[in-house]
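Following this line, the structures themselves.
Below, subunit A partners subunit B and then partners subunit C, in two separate complexes.
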Partner chain A sequence: MTVRGSEQRARLAAFIQSPRLARTIGAVGIVTVVGLFGITFWALVVHLSGVDQRLFPGPLAVGTAMMDLLISERFWSNFLVTTQEAVTGLSVGCLAAILVGIVVANSRAVEIVFMPYAVALQSMPKMALAPLIVVWFGFGFSSKVILVATLVFFPMLVNVIAGLRSSPSEEVQMLRASGASRLQLLYFLQFPNALSFIFAALEACVVLGVIGAIIGEYVGAEGGIGYQMLQYYKQFRTAEFFALMIVLAALGFGQYLLVGAVRRRVVFWSR
Partner chain B sequence: MLQSSPIRVVHPSIETSAQNKHVTGVDNPSVISAKSIRKTYLDRAGREIEALQGLSLDIQAGEFVAIVGPSGCGKTTLLKMLSGLVEPSSGVIYLDGRAVTGPSTDVGMVFQHATLLPWRTVLRNVEIPIDVQRLDRQRGRKRALELLDMVGLASFADRYPSELSGGMQQRVGICRALVHDPRVLLMDEPFGALDAMTRDDLTLELQRIWMESGKSIVFVTHSISEAVFLADRVIVMCPRPSRVVEILRIDVGRPRLLNKVSRSALMDYEDHIRGLFNVMEIKRNDS
Partner chain C sequence: MNITARLALGSKLQYQLRSNSVYVLAGIVLFGTLAMWEASVRLLEIGSFVMPAPSDVVVSFIRIVKSGELFAAAKITLIEVLVGFGIAAVVGLTLGGLVGLIPFAERFLMPYVVAGQCIPTITIAPLTLLWFGFGVESKIATAAMAAWFPIFIGTLNGFRVQSPAEQEMLTSFYGSAWQIFRMLRIPRALPYIFTGLDVGFVFAILGAIVGEFIGGSAGLGVRILEASTFYDIPSMFAYLLTLSLIGLTGHGVINGIQRRLLFW
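Presenting the complex of A and B:
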């Protein structure tokens, strides 16, 4: 017991003295200080300028609105709707991009026929398509999922193709010399090698997912954070609107952190 | 003149195999038999470039053959044709009496870089040919561990390649090439990216592995001393045009060591090959 206790104490001491902990505390400290400074500046501008707080609410008003939101059931059900739309759309768009990317990367013919259209579609501002998508697929869940999926498809596709093509040629020869078929080459080398590209694209796409879901909800929806924001906008409740903006930022950032954590687990070998 | 020197030269020709049998006096069957193979490719302007002039070659079971020459002499092209990765423009290669049409499971290949997959542990890297060829997993694992033990890396089986030094990685690469028990080991400048001391270690180790395993090895290098030290026969190649200039038998006993006695015996052969390259150089400068 005592041996284990002392061992634990020693481990704790080592952790407290470790440079990693110091770095983490330092980083969190700096971020907190900068944040507090920003909020103070915000409060000073609002209160000293005497601007109408219904137009530009101060941090106190936004904080109060945020507290009210966080305890309201309506907010949480809307939060769930938007998160589901964003995550489902992201999954559908990324999976489609990975499948199409595998085909395109392995076939010159498909690439020559398919890619010009993909690039042409990408050049089209897909946000502008949002009303049409809502008209076609309704006010519900599916129109948002489709909007998000079209939004994330291309950036993911480009990265999948680049990733699949980035396999070092000596490794390819090694597998071919071992007797690997094309499918085995994909499974043993090209796909694992493309994972770091796929995760890099995913980190960019999670933010696009939230944007797509909100735009879809602005155009027409029965629920979701975008829907709630639109209501606050019509009621001129800017403090609540601000609070929801902060929630959206947190949602995007949280997903980004989650993807980063998964990436470090899965693609542990790169950097 | 060559007759009086201790060096026996086998000239590259269609008769190579007959001469070899005469020289070795053993009727070992050929594992690899290349019949007047040639490789050409088209450059951007559509002109035909010769990557390798016609070559015939027989490699006996258990023989160690080194191919030496400066870059651009077609030695890697030759090796890739033997492995089935590259198809000859004309001529045929037989592996165990069967014509080579593509990569064969009877061949193991080692490259200049270890080409280990960073997401697989050392053991899982060695097992790649087992996975690809869908061989018995249990037996494959046993053999992989035996091979790792043979090169002194058994304790590193669960590490990742990034935790290993360059020499250790190349040892793992050699284990991987041997794990499916191929008849022939093809090595493309396997020690080219290593520092001099690691190179010496691995050269000795490769000799030991070859003597223990009884595989046929074809070893491409641009180091004359490495080729002479390791090989039973050295194929000397030259660029522009890419061709075989001489096939040289190294009559020095085994195991060869990196000491004075062994090295002085090998010195004559090294000098002879250097002489060949010098003559080539002078000829090219004259023309």
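Presenting the complex of A and C:
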């Protein structure tokens, strides 16, 4: 056995015997127990109150609907559409926010000109722009991408600017004293420091991306999960609607976990 | 006027007006941008269904104010937002307080809280139509459902703050549990609670508007949708402006209350 192999075996043995494993099992156990309680409570409420299952479905109906969905091809193509909308919108919005943020953080003049708008636009519910965006960009893919990008842009911008400014001043001065150009300063110091802010904001923004894609589809679309949800709602197929909502939550949660994992690799020095 | 000249003018005004300089500068910038916008739309002859000029927007704004449409719609939306926000605040504060103060509740519920953040509550909007009909109630429900979570999280974070030294001091002075709660936990939690309320208000507006988009008969969201079917973009801008004003006012009110209550 190689040295590396025995090292890994030792680590595995330590993990199995460690209190960390017990804690992880404990945590999973608690989550499962609470989840089971929740589902039982839900089932009791629905069946005891005798409410029409088209108004408020019980867990059994939702579970069956979910299984039917997962094997239907139309669902998966819709899922792909919505995921693409969300991810593309997120990328566009974050990229724009990073670029604008770099400009604003480095130039006092641009900041003075630009920031009042940013602050004012923060208080506006940007989702209300959805009909406007659909009018301008049509029912297709691009309108959802633009809506998501708009939603994500402002929170991301604030975080990018805060992150770029967060580099300790001694380090800035040291780089400047060594004769670094603006670009070098940005690349070697400011941007790495900004990354932790950017990823934190990204974790919050992935959910916004999913919401934006869905609402965009509610307002006007030809495909996607939101479109399918609207159809189910019109057909009173509430169980399928609930199932799709759970899928959405899973999508958002999955993205959140993914971003978290990437964050821990890329910004390995924080936390 | 190039940037340098504008900055010079700004700093000169700053010297004269001292703390009001930022507002004046912002005003100058706003005016300049509006002028450039108007000029480019007119010169390039962009149709008003693509990008309206500020003058078109102002004309539409005056028209909808005069016809009373704006106030009627705004009143309905405002009711939806305020009632929804009120319900969300009560629910969010109570649940947040319960989970934050009961020692082990958080451990059991934390994964679901995190998962709950990911459920886009606004997407429930069509269901609220099913449950509450097409009237104001469903929009109130959507607004409340969208807004309660930030308030809940804010309250939770607020009560998570432990100041053991201060708590020990109060106990050593024979402070009762109620006194500890009133004099220590609540003030320490308030900043987080107000942040939650602030975010929750915007979400309440969002919920009301999305509810109106999906199925409503009156209100600002409905008007925006209506205007979009006529490609009447100046009116859409006018309604959106009103929405922003509502958002800004709410934000200002909450901030104002926060500054008075938390004067430190």
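Points worth noting:
Here is the rule we go by: the second predicted complex is superposed on the first by the 258 of 271 C-alpha atoms of A that agree within 3 Å, B and C clash if a C-alpha of one lies under 4 Å from a C-alpha of the other, contacts with A are read in each partner's own complex, and residues count from 1 in each chain.
Going forward, a residue touches a chain if its C-beta (ideal position, glycine included) is under 8 Å from a C-beta of that chain, and two chains touch if they have at least 3 such contacts.
Given the structure is predicted, the values throughout are model-derived calculations rather than measurements.
Once chain A of one complex is fitted onto chain A of the other, the partner contacts of A:Val81 are absent, as it touches neither subunit B nor subunit C. Between subunit B and subunit C, C contacts the larger number of subunit A residues. In the superposition on chain A, A:Val207 contacts subunit C only, with no contact to subunit B.
Within the superposed three-chain model, A:Leu157 lies out of touch with both subunit B and subunit C [touch as defined at top].
Legend: residue contacts after superposition of the two complexes on their common chain; A:Phe188 is shown touching subunit B, with no touch to subunit C. By the touch criterion defined above, A:Leu175 lies against subunit B but remains apart from subunit C after alignment on the C-alpha atoms of chain A. In the superposition on chain A, A:Trp269 contacts subunit B only, with no contact to subunit C.
Remark: subunit C residues 3, 7, 10, 25-26, 29-30, 49-50, 107-109, 111-112, 114-115, 117-120, 122-127, 129-131, 202, 205-206, 209-210, 213-214, 220-221, 224-225, 227-228, 231, 233, 236, 240, 243-244, 247-248, 250-251 touch subunit A in the complex. Against subunit A, the residues of subunit B that register as touching in their complex are 80, 83-85, 103-105, 107, 109, 111-113, 115, 117-119, 128-129, 131-133, 160, 162, 180, 186. By the touch rule above, subunit A contacts subunit C in their complex via residues 27, 30-31, 34-35, 38, 55-56, 109, 112-113, 116, 120-121, 123-125, 127-132, 134-136, 207, 210-211, 214-215, 218-219, 226, 229-230, 233, 236, 238, 241, 245, 248-249, 252-253, 256. Taken in their complex, subunit A has these residues touching subunit B: 168, 170-171, 173-180, 184, 188-189, 192, 267-270.
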